[in-house]
Amino acid sequence: MIDLAWLVVAIPLASSALLLLLGRRSDAWGHLLATLAAVASFVVGLLVVLEVLGQSPEERINDVHLFSWIPAGELSIDAGLRVDPLSLTFVMLITFVGSLIHVYSIGYMTHDPARRRFFAYLNLFVAAMLVLVLADSYALLFVGWEGVGLASYLLIGFWNHNTDYAVAAKKAFVMNRVGDMGLIVAMGLMFASLGTVSFSGVDAAASGLSTPMATAIGLLLLLGACGKSAQFPLQAWLGDAMAGPTPVSALIHAATMVTAGVYLIVRADSIFSAAPTAQLVTACVGAFTLLLGAAIACGKDDIKKSLAGSTMSQIGYMVLAAGLGPIGYAYAIFHLVTHGFFKAGLFLGAGSVMHANGDSTDMRTYGGLRKVMLVTWATFAVCWLAIIGVPPFAGFYSKDKIIETAFVGEGWQPWVFGGAALVGAAVTAFYMSRMFFMTFHGKARWVDEASKLGADDPRPRRHPHESPLVMTLPVVVLAIGAVSLGFLLSLGDGITGWLEPVTGHVDHPEPVLPVPVILTATLVLVAAGVALAWRQYGMNTVPLTAPAGSPLTRAARRDFFADDVNEALAMRPGQHLTRTLVYADTAVVDGAVTGAAAGTVASGRVLRKLQNGYVRSYAAMILAGVVIAGAVLHLVRL
Amino acid sequence: MTTFQPPVIDWAALTPVLVIVGAGVLGVLVAAFAPAARRRSIQVVVALLAPLAALGAVAWRWSEVVGGGESTFVAGQLAEDGFGLAAQMILLVIALVGFAVLASRLPGGEDAFTPQGASAPGSAYEEAARKAGLEQTEVYPLALFSLAGMLVFTMANDLLVLFVALEVLSLPLYVLTALARRRRVLSQEAALKYFLLGAFSSAIFLFGVALLFGYSASLTYADIGTAATASVGMDGMAVVGLLMVLTGLLFKVGAVPFHAWVPDVYQGAPTPVTGFMAAATKTAAFAAIARLLYVAAPGFAWDVEPALWVVAIASMLVGTVLAIVQTDIKRTLAYSSVAHAGFALVAIVSLPEGGPDALLFYLLAYSFATVGAFAVVTLVRERDDAGNVTGEATHLSQWAGLGRRSPVLAAAMALFLLSFAGIPLTAGFLGKFTAFVAAADGGAWPLVAVAVLASIAAAFFYVRVIVLMFFTRPEESDEPQRQRAQAVAPGALTRVALVVCAAGTLVLGVWPTPVLDLLAQAARFVV
Amino acid sequence: MSLMHYLVLSGILFTIGAVTVLVRRNAILAFMGVELMLNSCNLALVAFSRVHGTLTGQVMAFYVMVVAAAEVVVGLAIIVSIYRARRTVSVDEPSLLRN
Amino acid sequence: MSSLPWITILIAVPLVAALVLWLVPGLHRFARPVGLAVSLVTLGGAVAMATGFDPSRAGEQQLTQTVGWIPSIGASYAVGLNGLGLVMVLLALALVPIVLAADWHAVPDASEADRRATDRRRATFVALVLALASLMVAVFAARDVFLFYVVFEVMLIPVYFLVGMFGGANRRSAAVKFLVYSLAGGLIMLVGVVMLYLQGPGGPQGFLIDNLAGVVSDPTTERWLFVAFFVAFAVKAPMWPVHTWLPDTTAQATPGTSTLLVGVLDKVGTFGMLALCLPLFPGAARWAAPAIVVLALISIVYGALVAIGQQDMMRFIAFTSISHFGFIVLGIFVGSEVAMTGAMFYMLAHGLSIAGLFLLAGYLAERGGSRRIDAYGGWQRVTPVLAGLFLVSGMASVALPGLSGFIGEYLVLVGSFASSIPAAAVATLGVVLAALYFLLVYQRVFTGQPRAEIAQARADGALRDLGARERWSLVPVVVAMVVLGVLPGPVLDLLTPLAQVLALGGAQ
């Protein structure tokens, strides 16, 4: 079965290609085929997992050679699959959550005329993401890496008749490319210093890398990871990416694609282990982004953008964990998996809420929705508890491990990282609770369409309703995961043991603070966050329009001026440069050529005056020629 | 009492010249005595058969001479060698196609020449002559005499012969220039300019002859060459003399600064005459220059070469730059011929070993394109309101859209222009290439560099004519008020001439091996 | 009188002839200037001929005279026909061909 | 089979067909189908020829034929193909039928009265394209410097006529600029050709590349010669700062002409660097490499930045090509085998993506009536298939993995790192800029709301998505992009041996 692992990728890819090529002819059944493909991919993946489980832990790293892909002399790259616990974890996450989201989308996109195309893109995404995680070399990983970027571009801009959405899609792709550039340079350096870009080759030789080279490669890989995972400083695209249909946000911009950066860092363990500085930077980036994202999430009234900030923040946790080295890898992946479930659940729940509210994403126009959307409320609540880390929900297990690990180490680092993780947990509790209360509790800030209230009522008219089964069912499944996964995966060795063949066996040293202290502190802070949010948004009335807010709030609303910074540092100078160059190309570069031509013509116009038509002047020219030649000769000879 | 020693004259070597001179004399007799109605046809037959016969004679002499039979005769005043014969061959080919164009008539029956040269333009007399259908058939013997002068030019191994041949080739051309049927005022003006400047430069030439004679006590090249290596005194005088002689010859090829007549005369002369003269005079004069330089002047090379460099560079640049700003097709071609004089000079100025054959190939390539291009010009005509064909449409803007109306003719013109521009697979390219190789071999790198620069600029105006013909719809023309040109159907003779020129241009570009081999074994000077 | 005198005289004549061509507008006079140049050459040729003790130069001079005569024929014919067309023999007058 | 003079046949068939089509008026009416048939037959011949090619000896010239041509100047008709030549010939001949199909209406249908003139113009168009096909085969197969030069220059003429006769409003100045610019480069090279010949052994085969390789011993001379050749190729390629003719030309030419021009003809520039500059002047190439690498980097970044600022689609595509040519030249001269292999593959891949972009932009302009980018907007809704194909072509052009463009760019970049990390790092900037310029244009043209009258025309059926001819003209291109992106192995096997022979080696 392991040899057939390529089917995991091939099935959704073929389905996607088929749907795109057939065009309208497949409109009627396209969504079903796509969903089936996702499920089939999951089934194949599951069979592979079962077979790998049958292997002894040491044998579980399987390299499946497919074909010789780029045989270019010194650099020969094979297309092959790395089937090991790490990649299979992702395969399971991607195909399972992916399948659920396919199902959900059947309902969510019912009314969209281009639903078939949407599913084709979703399949394409799944296939690309699977390539990314199953690749056995950085080069092939890059194929998936850019492939998911493309799928993300297509799906963010799915409704690109809205120019803002098209711009958001482009922004996402371009910022991702900045990260990709890092990846390319990293591969170039690997080739230059190690002569290979395959995982096995790099892993084998990485210990021989000089520290500066390893650091450079590590930082460049981190740059790639930042782009894909929306980490500082390449985080600005994620909020805008919410322009895509909500299932897309759930699948790509919460559960799977954005976690690819974490995958990359864990996968590149051999590089990072040789580059402590790069590891430290990684941890710093993670710690910073987890706070940044959390702050942004607090400031947003748009439910999806708030969730996007939250995603950024949660991935910050993972990156922080990954940056801590082998001791954190397993927890990073653990959190990644649980996050995949509860965040997808939250997004899909948000999607249901939007669906019920005429596609409005403004939480200030929600409120009191619990009564009309009981299932959604329940699932959302579960996922909410999971993400804020309330025991025994999934997030508690995974996040708490990260917080504990963050406190491991020497010097200032454990205090800073641990502190950030702790504070982040509190803020997470606050903003998630805020979202939950603003949406489902308090007074309704909308009026029913059927009500007889006067037209001067500022509240929007809505007709909220529970979503159909095809949409609620996947959310329920995700919610079950959000409840149970943490506990299940930490049974016994759990996920740590499962991943050990990849992440290596590590002894877990004691944190600088005793574990119970950390645990208590976390829970107290989380409780405080929830309480604060309840006071603000559960008990009090939420104004329909946002109050001015503190400078911090205002900054958070504007993503801490990320767009302004990008604009001032890159976009506007770039536009100036472009305009200057376009002008210079015509005026200077081409001007030199046309100038030379014009000069020739001008000299012709001058010279033709000599040809004045008078025979006497012609004779003078002849004579002058002779005389001058003779005179010069005599001068020279004398 | 001394016994009479008859001069040794190798009459056989003179056969080609004698054939042409004889034909010329015959032509004069025909003009005098043949009935008017049949005069023209007889003249045409004579004028076309004579070069053909002479070509046969050259071929015969070739088989006799090349590869060991070279000699000088008449006391070393004439030379019969491969170079001269090859040049004669080229001249006779030019004459054949040139005369064919010269003899052509429009569908209406009018030829290129005034019906009565003695009549004043616009006079009643002229009108009467036109109505009477008179024809100035003397043009054929005149052209033949000129051709005879050119043939001798290539053999001249002595300054006296050179001078006489120079005059023999020039005087008929002055007359021919004046005989245009239309725009006669321009034609006469051109003749006057040509004549006055020609005579002026002949005088300079002659003074140079006198100085060289004073220096070496002889007029034959061989003696001058020997004197140059032997004697020590007075070589300043000799160099000035040589320069003045070269001036007379460079005047004929139209090299800067002795070129000023070229555009005026080429424009004013009857177009078939322009074509013939541009090709043949240049070929003959270059042959004479080459022989002079290679045989008489090696001893002065050190002194003369810089001057020739300047002339070559100036010719290429001035010719090119001025051609760019022209608006008349004949003037454009005239300036282009000035530039080509410069290119041809490049091949020989540093007296490289391969220079003479490169020069001859260049001239052959240039001649095909020149005769062909001017033949096309004769066919592109204006029409009056009644639709009758009138004068040539020489303003460039009138050529707009010609390619759509007469694609084949325009394609032929394009071919000639591309050959001028030196695009590969045309004769012009190989001409340039061999010339550059020769020059580079002789170390004249700067000349090659300038030649390349000039070629780049020159491409512009050749290409521009193609733009007008093929890419410009008539309504896009810059000067819409001008009358549009219409191509008339070429007569049989012109058609043949065009086909020969086009085929020559193509064949020499694609498969030049036979010609190159021929020239390689031929281009030796007998001393 | 040395050879030099003859040559200087020849040079002076040549220069006068050339200057005549350059400064006189009348075509006939300009043509006369050319004739003067030719004759200055003849003088030089004959002088050299005598110095070198050969007849070549003198023979050449005869040729020049013949050629000059021929030139006169052609030249005058052209000048006359222009005169008939334009009623002028100024060489500056007909300058339609230029640039 | 392999005993046949395949290359000569491939040169002769389209050339003869072109002459016959142009000269026989009776055939003018059927010029387009006949031309298409001939081009397909030629392509078939090329494929048949390729079967006789031994990939294990791809670094050597195969299928060679040598006949004396102009012995007195040392020129011979010597043809043969190595791996790169074979790939380029196949690319060229594959694009010809596509271009003929795509430019089916390059000469618009005329009224009954003008039928004959229209037919003649169509025949002229087809004849010129076929003649170009013949010359393209010849130039990639030439093993003789003189022959190469001749074809190199003659190729300009059909393009000149294609641009000048069938182009847009400013076609005349564009055609002249194209020709004179290219001739300028060519003539400078001519000096080099002459100089090289005089340095060589001479004799009737004095121009054979094999006889001239490394004959120049004096370093100064070798450098001059290298520069003379390189300038011509740089103009052709085109590299900054001698690129300005390209945008002007493509802005006027028909999409098919631009495809052949940029897709194949400009590759002659980089091909010449590989086939002539490196083997003939290895020492000088090493000497000049740093400067050339800098020029290539400027081309990459400059082309991309200026592309962003373009208003005309064709000019835009032209500037992206300048950026891409920067990558190719970088790969050739950076001094890495892998990068050079990548550069050669890039030549092929760029030919494909450029064909897609130019042809689709042409189809779009036929529908929208303008080549200006800002005349569009929201066309994905109007012509979804066109938009999709444009996206695929664009993604191939900006080197999305899985498509052909990626392989070349990846190899060039990764290979460059082995030689010069700073150069490679700068070049990597091009990756980001590429995404930016392409997506900006895609956004401006295809996203947003279509203008009301366009949407109306679409609803009325007056405006249609790509028709069968247009779709099928692109199917081979897109299929090739995907296949080469996934399975580049067979092609790389043809190129790698050559890179091993030619690579400059050693870091700078």
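Every chain is named by a letter (A, B, C and D) in the order it is written, and numbering of its residues begins at 1.
The rule we apply is simple: contacts are C-beta pairs under 8 Å (C-beta built on N, C-alpha and C of every residue); 3 or more make two chains touch, one makes a residue touch a chain.
All values derive from a computational prediction rather than experimental measurement.
> Decide which interface, A-C or B-D, involves more C-beta pairs in contact, and give its chain pair.
Between the chain pairs B-D and A-C, B-D carries more contacts.
> Could you tell me which chain's Cα centre is nearest to the average position of every protein Cα atom shown?
If one averages C-alpha positions chain by chain, the most central is D.
> Name the chain whose C-alpha centroid is farthest from the C-alpha centroid of subunit D.
Max centre-to-centre separation from subunit D belongs to C.
> Taking each chain's centre as the mean position of its Cα atoms, how many Å separate subunit B from subunit D?
One centre to the other, that is 43 Å.
> Taking each chain's centre as the mean of its CA atoms, how far is subunit A from subunit C in angstrom?
96
> Would you kindly tell me how far, in whole Å, the mean C-alpha position of subunit C lies from that of subunit B?
About 25 Å separates the centre of subunit B from that of subunit C.
> Using mean CA coordinates as chain centres, what's the subunit A-subunit D distance in Å?
The separation of the two C-alpha centroids amounts to 37 Å.
> Please list all residues of subunit A that touch 2 or more other chains.
In subunit A, the residues touching two or more other chains are 597, 608, 611, 613, 615, 619, 623.
> By the touch rule stated above, which residues of subunit C touch at least two different other chains?
18, 21, 30, 91, 95-98
> At least two partner chains per residue is the criterion; list those residues in subunit B.
Answer for subunit B, listing residues that touch two or more other chains: 192-193, 196, 200, 204, 263-264, 460.
> With touch defined as at the top, which chains are paired up in contact here?
So the chains that touch one another pair up as A-B, A-C, A-D, B-C, B-D.
> So in the complex, the part of subunit B that touches subunit A is made up of which residues?
192-193, 196-197, 200-201, 204, 236, 239-240, 243-244, 247, 251, 257-258, 260-261, 263-264, 303, 306-307, 310, 318, 321-325, 457, 460
> Which subunit D residues qualify as touching subunit B in the complex?
68-73, 117, 120, 149-151, 153-154, 156-157, 160-161, 164-165, 171-172, 175-176, 179-180, 183-184, 187-188, 190-191, 194-195, 197-198
> In their shared complex, at which residues does subunit A touch subunit B?
597, 600-601, 603-605, 607-608, 610-611, 613, 615, 617-619, 621-626, 629-630, 632-634, 636-637
> Under the stated contact criterion, what part of subunit D meets subunit A in this complex?
Of all residues in subunit D, those touching subunit A are 180-181, 240-241, 243-244, 302, 305-306, 308-310, 337-338, 341-342, 345, 378, 380-381, 385, 388, 395, 400-402, 406-407, 410-411, 413-418, 421, 424-425, 428-429, 431-432, 434-436, 439-440, 442-443, 446-449, 486-489, 492-493, 495-496, 499-500.
> Which residues, counting only subunit C, touch subunit A once they are in their complex?
Checking each residue of subunit C against subunit A gives 18, 21-23, 25, 30, 91-92, 95-99.
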